[in-house]
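In the two complexes that follow, chain A is the common piece, with chain B as its partner first and chain C second.
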Partner chain A sequence: MHGVSRVKQSQAALEAKRQRERAKLKEYLALSDEILSRKKRGDLGMESLALTTKMLQINPEFYTVWNYRRNIYLGVIFPNSTPEQINETLERDLVMTTIALKAHPKVYCIWTHRRWCLAQTPEGPGREGDDIHGWRMKNWKQELFVVEKMLGVDARNFHAWNYRRYILENMPVKKPDIDELVYTTKKIQANFSNFSAWHQRSKTYPLLWESNVLDSEKSREEEFDLVRNAMYTDPEDQSVWVYHRWLVGSGEDIELLKREIRAIKELLEEEAGSKWCMESLVHYQTLLVQRHYAVLGDGEYGRLRANSLELLQQLETQDPLRKQRYRDIASSFPSNQ
Partner chain B sequence: MIMDSDVVLLGTDLPSSILAAALAKAGYKIIHVDPNDYYGGDHATLNVDEIISWANLRSAPAENERANDYLAAQRDRFVSISYRGTPPPASRQYSLSLSPSIIPSVGPLISTLVDSGVSRYGGFKLLEKVALYHSPGFVQNVPNTKEDIFNNRNISLIDKRRLMRFFTFVSGDFEDKAELHGKQSVPFIEFLISTFTLERSIAETIVFALAFCSSPQEPALPALKRVRHYLGSSGRYGPSPFLVGHYGGLGELVQGFCRVSAVSGSTYILSHSPSSTPTGPLARRRYSISLTGLDETINCDLLVSSIESPEPTSVGVATGVARCIAIINKPLLFVPTEADTPPEGSPPAMDKVVDTALIIFPPSVLPGGSETTAAHVLVTGEGSMSAPKGNWILYLSMPLADSKVSAETVLQPYLEATLTLADEGHQIEPTFSLFYTQLECSSSAHDGRLLVPQITTLISECGDSAAVVAEEMFRETVRALDGLRRERGIEIAEEPIPFWPPLEGEGSNDEVEDW
Partner chain C sequence: MASTLLVDRHVSYIQSLGDNKDDLVYHMTAHLRLNAIYWGLTALCIMNRKDALDRDEIVDFVMSCWDEEAGAFGSHPDHDAHLHSTLSAVQILIIHDALDKVDVPRVVDFILSLQQPSGVFAGDKFGETDTRFLYCGVAALSLLGYLDKLDVDRTVSYIRRCKNFDGGYGNVIGAESHAAQAFVCVGALAILDRLDEVDYQALGWWLAERQLANGGLNGRPEKKEDVCYSFWVLSALSILNKLSWIDSEKLTEFILSAQDPDTGGIADRPNNMVDVFHTIFGVAGLSLLGYPGLEDLDPVYCMPKSITEKMGLKKGWVALERRKSM
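And now, the complex of A and B:
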């Protein structure tokens, strides 16, 4: 195990350890058999519920047991409870999964169960207006808080980011999108090597542009400035280049394309041999030629083609494991027809 | 009556205290003596009343007083002493250090603290910030990490790339790299500008705020090593590379080590000094020493001292460090210059009031200050348990080429400039301030005693320097004692004694899972 020093153990100690493990294993298998047979029988009682709690604490990846638990709730417990009681039960389960997530932040079934709890939250406590969403908003806000804590611990946990998008989309009373933009800015400033944070920006901006909260021209310019700062700070960070491609988009704007190509060329001069610079130049030059051949003309086309092929040659030498890929790209460079 | 020991240590400064603890834990009988009535010697932590007594004792002697050897040595070592202001009422709530320090999170001192168990006795505060003084009321942020560089609006794109390239270079094994070949002794700033094509202002930031050089002429290699050390220390306990010890830093650590030493059987004698030169050799021990005012004689095989008289410097003027300790009761704010302010739309800047931080004055930034040497100002507040709420301690230090200039004259402009950073609109004065010059000293050994070398005075290196000196002294001491044992026909252990034995009560973890 990482970071834990091996302790030399005597034969006796090892044997004692094996005994303990055997006992644990036996106990686990007994529990598992018990639960599965109850499930098969269709037993939806409180005792079975308690057994699922016990099992899920040991092994939260046992998705069958999660399903069984939900069936018990839906089949027997909820039909016989008031909305208050249902809400309380769901809150307890949310607490249980929070604890589980601290130890197992990337287990799919735990996240699934949380979503289920949220979806099941009944209307209430009141009958009208904001009050009708009272319980739900409380739970959803708590969800946002939990997800933010998890992203605080590991800003690159894509489960957490996915879940965050799910919450923002489904909250009964929505948070303004601009807040989300600020949140991603915070994450990127802390560490811009974060695919998920950039991705979130690419999801948030279109919403803001559509609803005219932000001007798309101005935003793009600011983003290009941000991305260029990241590129120059660390040209080897892939997430930055991926976002840059999204920003450039289809390459309709010829001036934009030319300007970005220039900026990357400057960076390549400063940082000779940067793989991402070279690959991106090829990509954008290809785009330029594909979309704007008519404006460029034959001469310019020839120059761009020659430069791209030269870069691909360099990449072949530098990155021989991907030789075939670069050759492939070279052979599919658009012709001047 | 005779007290018997293997080693007598004179002076409880930090390296001696670490040494005492290590020797005691290794099973040697130690008697540790200090002429003062407090622990720590030149690295002690004192409250305000105590530091005033300290200052008075070392200033010009009263007429009818006959100074003992120790005081005479101290008066040679600490000169140009002056103080003003009224000592604050809660004097005991202040922990003032004679040797202010910031401790890198990775390094010999931290390792020694952990290995010896002394880390369990004390607490530490993470240094919040290092900033460069820019102009009255304003500081400049210092980029420490990739993220700092990314977010900085003050540096051009190309300069960001070059600075990152330098960071990558300096964080690795650069000793054999081509960039450094033949240039190890080139002035650090020239090395940076020529090898990394860095802008002069950026190079200066590296020289003064990352390597903490006093002069830009300092050679490249040692400065590079320091930068690597500090950059590599960030992240261990938090974003900053440095820790500041609670209750006055090094003085508190001294007490921890002396405690470990005492718990392992050493005897401590404060307020006493040797009354005369030791005599010997004896039947079973090398030396016999007596202390003034004590009836007992002490027998030992080895004498290790850190309280010697300094030699008069043979050539030219003495060099030293000008120091100031000032107490203020208004907070300082680190307000970035306009160019440094984070862009709109990004989250609001953190609270700018500083509790524990370091300000660097590069040469020539201050009219009336030095044009050749940098000055350091360490601010410590309530968070470092060294001052009561609403009060802060400022430690100023600057190397002096010419110790004939008074410490107060040299440091006054820096003190005033630091105070311009106070809450805007308040023209504040320190409630109390003490100035003195600590001369660089060397002494020579006589009568076979071992001398504890001086530790470096650089604020970010003094702690580690003490740990390194202590370990070297430990090896030397053990070698000497082993030599004596061999002579006497006593058996000595085959295996070399470790600097610290494994700690008891720590992880014997038999629940370790084998994966």
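And now, the complex of A and C:
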């Protein structure tokens, strides 16, 4: 089981635990049987709904019971409710699952049910204008608040990040994309190794550039400053190096490539033997040769090749886990033919 | 700490899993029962002990999970049909040569009904969608011999949209790369003969960087190691023919160190509680690493290679050569 320490218990202790659990077990099985037999006979009544609430609070991973609950809503309750009542019902489910999420932040079923609640939220309370989105906006904004709380507890929870992207993409009235840059800056400043936040920036910038909200050249330069700052803070944190690859991109801009190579070399001088400096240098020098051989000429090619092979040799000792990868790269270094 | 694979212990651990009926956790995980049987059975097959669980009992249990209304399998009798449990059911029945008990065309209809316009699959009718279920759909259709019914281009286009700049894959469009998604996306592409979609250099780099100094593999940058990634990462690496890009000896040691030498079973990391999920993925990883005495595992389907080969489904992946001794 993920992250649960092994505790050796004596037979007597195990037996005592079983005794304590016996009543709980009996109750659980009775509840489970009751729900599944009600479901089988198509009972979509309020009492069945209450039983699903009880079960899901004990076991939020019981997907069949979530399905049953939604079938009760869709089959009987919603068709006999006003939009206002439907909204209230869904708000209650959102509150219920907020409590469940705190205890089980990585259970798919809970996140799925929240998405379902949001998708079901009716239009209203008004019939036109902004007011038509009133309930929805309230629920969606609340979700953004909840997901930020969840990311406050675990900044790498991918369920929460996915849910965040889902909310931002589907809100009835969208938030400006630039807000996401502010949010991820805050997350990164709290912890440079939060790759989830770096990743989010790799998805946010293209939106801002395509829509001309940000000047792509200027903002890219500012981003290089942030990344360099992170590299100097902890040169062995791979998050920032991985993200740097995105920022440099396919290597079409020769000046940019050369500048980044120079910058990493400077860092390597301060941090002799830094794996990520060496690994990245090999990558960017290979890119330089692949993309710009015609401009470089044989002399420059020879220097880049010799330096890369030397770095790969050092990497074999510095990072022996991956030595075969370094050997493969060395033997397939682009030729000047 | 054990330095060899404790096969007998693991076999009796897997055999004992059904004996915990007075244990609350056993019942609270009923929604994973069919998956757990597939995990246990596959681990036994890889350890050459397939017969340690009674065949007829297993086949009967699988058939008792049939959801007549949906035309597919739930994870437990009276649970709703789900794509994940349906894949497990198909895998178990194929391992035990009992697919003739199933109304295959109905299962195929169920699977196809879950594909969304974007190409991704939902897990069930209430529609949680991601690449895990896309893999389940593709693998199950392939095992059932109905891949020709699938809209391959639409399926592949969804995987393409989940690909990130680091060469890895997320579970939905926009999501961060995750090692489990490397398995499901690369596995699905291998089944569909569309590995031309994969950026071998970038993904190979990203996968190799999953190995930590202690030998274990993590699932994303700057996260902790966990035995289950031994399968997710190794599966993708063997499909890319780049298993040599990590240190197999250190990973082998790490997996072995996560065994419980008393009860059997493998945990996520040393000194934690074991479970059948980490047991299969530890054993599967060891098989791909050429651990002596194990059967070959097909990393695309996570089933014994002897079976996929016989069905003509084996793809061009490469595992490490099986060693004669440790």
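Odds and ends about this structure:
FYI, the second predicted complex is superposed on the first by the 320 of 337 C-alpha atoms of A that agree within 3 Å, B and C clash if a C-alpha of one lies under 4 Å from a C-alpha of the other, contacts with A are read in each partner's own complex, and residues count from 1 in each chain.
Convention: a residue touches a chain if its C-beta (ideal position, glycine included) is under 8 Å from a C-beta of that chain, and two chains touch if they have at least 3 such contacts.
Remember, predicted model here, so these are calculated numbers, not experimental data.
In the superposed model, A:Y293 makes contact with neither chain B nor chain C. Contacts of A:W209 after superposition on the shared chain: neither chain B nor chain C is touched.
Of the two partner chains placed around the shared chain by superposition, chain C is the only one that A:T64 touches, whereas chain B remains out of contact.
In the superposition on chain A, contact is made by A:W116 with chain C only, not with chain B. For chain A, the partner touching the most residues, choosing from chain B and chain C, is C. In the superposed pair of complexes, A:S239 makes contact with chain C only, with no contact to chain B.
Contact with neither chain B nor chain C is seen for A:F78 once the two complexes are overlaid on the shared chain.
When the two complexes are superposed on chain A, the residues of chain A that touch both chain B and chain C are 1, 4, 6. Chain B makes touch with chain A in their complex at residues 146-147, 149-151, 157-158, 160-162, 164-165, 345-347, 508-510, 512-515. The touching residues of chain A, when paired with chain B in their complex, are 1, 4, 6-7, 9, 13, 17, 182, 185-186, 189-192, 228-230, 232-235, 266-267, 270-271. Taken in their complex, chain C has these residues touching chain A: 22-24, 27-31, 74, 78-80, 82, 124-126, 128, 164-166, 171-172, 174-178, 204-206, 208-209, 211, 213, 215, 220-223, 226, 242, 244-247, 250, 260, 262, 267-268, 271-275. Interface of chain A with chain C (complex): residues 1-6, 8, 18, 21-22, 24-25, 28-29, 32, 36, 39-40, 58-59, 61-64, 66-67, 70, 108-109, 112, 116, 156, 158, 161-162, 165, 169, 193-196, 199-200, 202-203, 237-239, 242, 245-246, 320-322, 324-325, 328.
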